[in-house]
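Below, chain A partners chain B and then partners chain C, in two separate complexes.
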Partner chain A sequence: MKTSLKYTAAFLALAAALAPIYWLVTISLKREIDQFASPPLWFSFTPTLRHYSAIFSHDAFGRYFLNSVIVSTCSTLIALALGLPAAYGLVRFPWPHDWARGIGFWILSNRMLPPIVTIIPLFLMLRELRLLNSLSGLVLVDVALNLPFVVWMMRGFIEDLPKEIEEAALLDGESRIGVLLRIVLPLVRPGLAATAVFCLIVAWNEFLFALILSQTESAMTVPVGIASHVTQYEIQWGAMSAAGVVAMLPVLIFAAAAQRYFVRGLSLGALKG
Partner chain B sequence: MTRRIPPGLIWVAPALSVLAALSIYPLLYLMKVSLTDAHGFTIAHYARLFQDRLFSVAAGQTLLYAAVALTLEFFLGLTLALLVDSLARGRALIRVGLLAPMLLPPVVAAVIWRLIYNPEFGVLNGMLRQLGVNTTSLTWTSGRTSAMLSVILVDVWQWTPFMFLLLTAGLQAIPAEPLEAARVDGAGYWQTLRDVILPLLKPVILLALLLRSMDLLRIFDQIFLLTQGGPGSATETVSLYIYRTAFRFSNFGYAAAMSFVGLLITMLAARGLLRLTVAVPAEPPCVSMRTDVIKLS
Partner chain C sequence: MSLRVENITKRFGAQEALRGVTIEAREGEFVVLLGPSGCGKSTLLRIIAGLEEPDEGTVNLRGRDITRAQPHHRDVAMVFQGYALYPHMTVAQNIGFPLRVRRRPTSEISAEVERIGARLGLSHLLRNLPKQLSGGERQRVALARAIIRRPQAFLMDEPLSNLDSRLRIDMRAELKHLQHELAVVTLYVTHDQVEAMTLASRIAILRDGLLQQYDTPSEVYRRPANLFVAGFVGSPSMNLLPGVVESGVFCRAGLSFGLTSDELRAIGARREITLGFRPEDVEFSATGNPGWTAARVWVTEDLGNETLIRLALDDVHVTLRAPAGTRADFDSLAWFRIRPEQLHWFDTHTTEAIRVSPQEH
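Showing the complex of A and B:
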């Protein structure tokens, strides 16, 4: 194929991928009169930040944002705290037969359960525990969502480490926990950071669980908050798109930080609920 | 085999118990819910499944949605991966740009496409009008026949990047020697693609198809946010129908029965696809794709 033709095709694909995102950003920066202009205004309009100040001052958006930050941070930290020792235990201890593989697969199979299937019993259970409309209930299900992923990612990273340093430390009288904290942890830090970023993105984007478990304004996360406004005020395009931009910014920033690990992370379904 | 408790168990136990509490127990609970009603044990919920026309409509539409989206995403993703891989310059930048849609929260993707699809003020009809097209009948997500097409298009937009990402990684992992050999033998581009590249890419292709179809069969977010399954039941899927049954009509028993059947179908589909992978490696291939972490920068 001719080189110029190839580049034309590649740029068309790029435009198809990015133009919708660009359009969202422009709508969030346009005055109403420009939003509904016909023909559509792609470049020449008077930008305004009014929609951004509106969502943060009038609506409960600040609350949603805070909730999202709390839920994604807590669920990520708990998943890491549970998953890292589990990964270490699976890799570095002698297991009879192929227990380690069996356990690993069982853990991963949890990731394959469709969320709509698990959410019904979880909803009923959390209702009995009076944990509906509370952030802790949501943290709990997001931990379940991310934990298998943490174990599998960290398993790979720990396997990559040379065993010898750890064995030397054990001979010197270091405890297993000491080895994990003082030797393994510093060495896997880049991998741990990447895993944390993926967990944060998953919890941040998560919609179905949050939709069902948090229905009061005070417990809503950003996606659910936006969704409730999408259906309520169809015509408030400015606020809706400003909220959308604010919701996507952290994800794009996080993703840029973890781009080296895209394949390993995403092929495990990192971004899906 | 020793009868001692494996020493690693204590390290794994916390994670295992949390997962058990949040998956095994809920599944057993779900089974119980699906087999009881106000009067005790019953199989009525399962019996109802076979007479429920809406369930079969939803199941059919889920399969249609998954099949069409999977096909489009695969061929587009493969074409793009091959295309970008063959470019001399600017690959890294183009790849980053092409991946962006996949990262967005589904709710943001839905907001974007509402802005685009709106029949009156949306940019899509706006541009078509600019080209002189009469757009009065183009209602996209609110049209009975166009709704399904519109939600599939959103899926293709957001998730073709995922296919592109995996296939790009697969392409980068292909060693240079067989390509070189094909070139020396005088093989043309299409012949090399058919006889060398695609066979070597097969494990990655199957993995990508497997992961994507699992996600497509459980599709919820975009459709819920764009059409709520409507108009009528034109875009109703199994996940949406289960959601409505449980959380709108509080019929948890029936929703649980549907969940179990849905779970069974998903698992069978996954099994079938896994079988296709000749000699499935000991680990899922995604985890052993250690060396081919995509080079974006």
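Showing the complex of A and C:
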């Protein structure tokens, strides 16, 4: 009885989560005429790959996809490269008074602001730097978006490492930078991987900044590209869904690849010499 | 002088962890820092390692002032209580790490790792990860990592305290022999006075950040500088009975005896003094003897090679060592006599030892 209830609940949750995806995938495979047939055609439609070929041939979807890959990968790598040392410094260096906590909170507070509030200042700043409509501009913005998260996450992982291990390395002749690269980095790798996946997903899905800051094809990312199918005269449901399906794939792949790191990242505290 | 810490003071906030501590060690000497937890002994070690900075004072290693030097510029090696092995490296990589940091050629590193590993009985474990090792094996790896680069000083922070008691005694002996072989000045922190007595060439006893006494184990044992040292060193610990001096007689509840002229001269005008004597300096008898003191047997502990007897004397206990097989029933009346040549006297107020020297002729 209890078990069947549990399964029913799980099934309902799963159905709720998968229904939009089912809808997205089927629409991407339907001809326009079948898309909004009433009653809906659940399975009995003639599948077509027209929309997929259309987004790659007519639209510049390939370009958007490449842009998204570049922006999310670069912004993630930069955010990790900056965030790990920052977190390490906050945790391990002797700060006067309560500064480490204060700085940590200030970093986190950057995430508390609704992004829309910062969009006009960011627009003006990037315009001055001549980085509007450029991938580097988007990378910068995504780094700023992800950096607080990286610092905050890595702080927790570093705090969990026994301090003695680092002290042993210092006495063995390693410098601070050496300790960070050869002792801390390998030990927090699971946490770093989990953080990286999160950053990749945030940057990959980021819509608002990309929409406002990049209006040309050469700098447009996938979310903006998908939205551009909503035009003044029509909504291209088929092309939009096909693009949505393609955009979803990398996120699924990241998550699957990092699944074991997620679990290990959560249980990193169990690490003992 | 190989290692000299001078006048070290360290504060954590309002609390003073160390107050003007000065210790020097000769080349190859094995110095043990002994004291209860929170006495500042680990802080002193960390200051020498460069993991803490002193507020005052200097650290000098072989004539070089290293007070403000970074840990990796000091050329000292440290063994930690929790071993602090690198969990992501194999045993061989752990041991070889100090040489790898120094960019020695790979062939030299692996040869050294082989040699040190064999010396410490780790040859069959070199490919394992630390988490696959037992506590004793991890301890050996930590030692191997410390000795491989021949540092100018070894620092050890309670390295044996995580081992079970059998293994601890074996490792203690091994450590002492190894230190003798290497002849490198060693500072060793422990709260275990037996460990301190067995290992040290000199013991520095710390309490509340103050150095109480710094001397050889036998001197610390035979001539403790104050009540704290007297009570802390020795197991079972020294009997300490506070009393008063009245017209040349030391008296307290249940016990009184006349003082010699040497003792009286040393005691001088003091009135409240404390008598100290070691359990082995007390004779025991189940029958009354003239001049002996009577007391009730509180408990006896048969250790096989000797018997420890605790007597209840008024409001205090007197512990004594008796030959193996000595029998005494609970609460029975017994007699004891302190050997007069083995008495220690302390000023009850200042806690300092009162040194009795014979009259010069």
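Following the convention adopted for this analysis, the second predicted complex is superposed on the first by the 236 of 273 C-alpha atoms of A that agree within 3 Å, B and C clash if a C-alpha of one lies under 4 Å from a C-alpha of the other, contacts with A are read in each partner's own complex, and residues count from 1 in each chain.
Operating definition for what follows: a contact is a pair of C-beta atoms (placed from the backbone, for glycine too) under 8 Å apart; a residue touches a chain by one contact, two chains touch by 3 or more.
The model shown is predicted, which means the values in this text are computed figures rather than measured ones.
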item	value
Which of chain B and chain C A:21 touches, first, second, both or neither	first
Which of chain B and chain C A:178 touches, first, second, both or neither	second
Chain B versus chain C as contact partner of A:237, first or second or both or neither	first
First (chain B), second (chain C), both or neither touched by A:144	first
Partner chain(s) touched by A:186 [first = chain B, second = chain C, both, neither]	second
Which of chain B and chain C A:66 touches, first, second, both or neither	neither
Which superposed partner A:167 touches (first chain B, second chain C, both, neither)	second
Comparison of chain B and chain C by chain A residues contacted	B
Those residues of chain A which chain B touches in one complex and chain C touches in the other	271-273
Touch list for chain C against partner chain A, complex	49-51, 70-72, 74, 76-78, 80-88, 97-98, 101-102, 130-131, 138, 145, 149, 155
Residue ranges of chain A touching chain C (in the complex, touch as defined)	162, 164-165, 167-175, 178, 183, 186-187, 271-273
In the complex with chain A, residue positions of chain B that touch it	1-2, 6-12, 14-16, 18-19, 22-23, 25-27, 29-30, 33, 80, 83-84, 86-88, 90, 94, 96-108, 110-116, 121, 123, 126-127, 129-130, 157, 161-162, 165-166, 169, 207, 211, 214-215, 217-218, 220-221, 224-225, 239, 242-243, 246-247, 252, 255-256, 259-260, 262-263, 266, 270, 282, 284, 286-287, 289-290, 292-294, 296-297
Partner chain B, residues of chain A touching it in the complex	1, 3, 6-7, 9-10, 13-14, 16-18, 20-21, 23-24, 27, 35-36, 38-40, 82-83, 85-86, 88-90, 92-97, 99-101, 103, 107-108, 110, 112-118, 120-125, 140-141, 143-144, 147-148, 151-152, 155-156, 160, 201, 204-205, 207-208, 211-212, 222-224, 226-227, 230, 234, 237, 240-241, 243-244, 247-248, 251-252, 255, 259-264, 266-269, 271-273
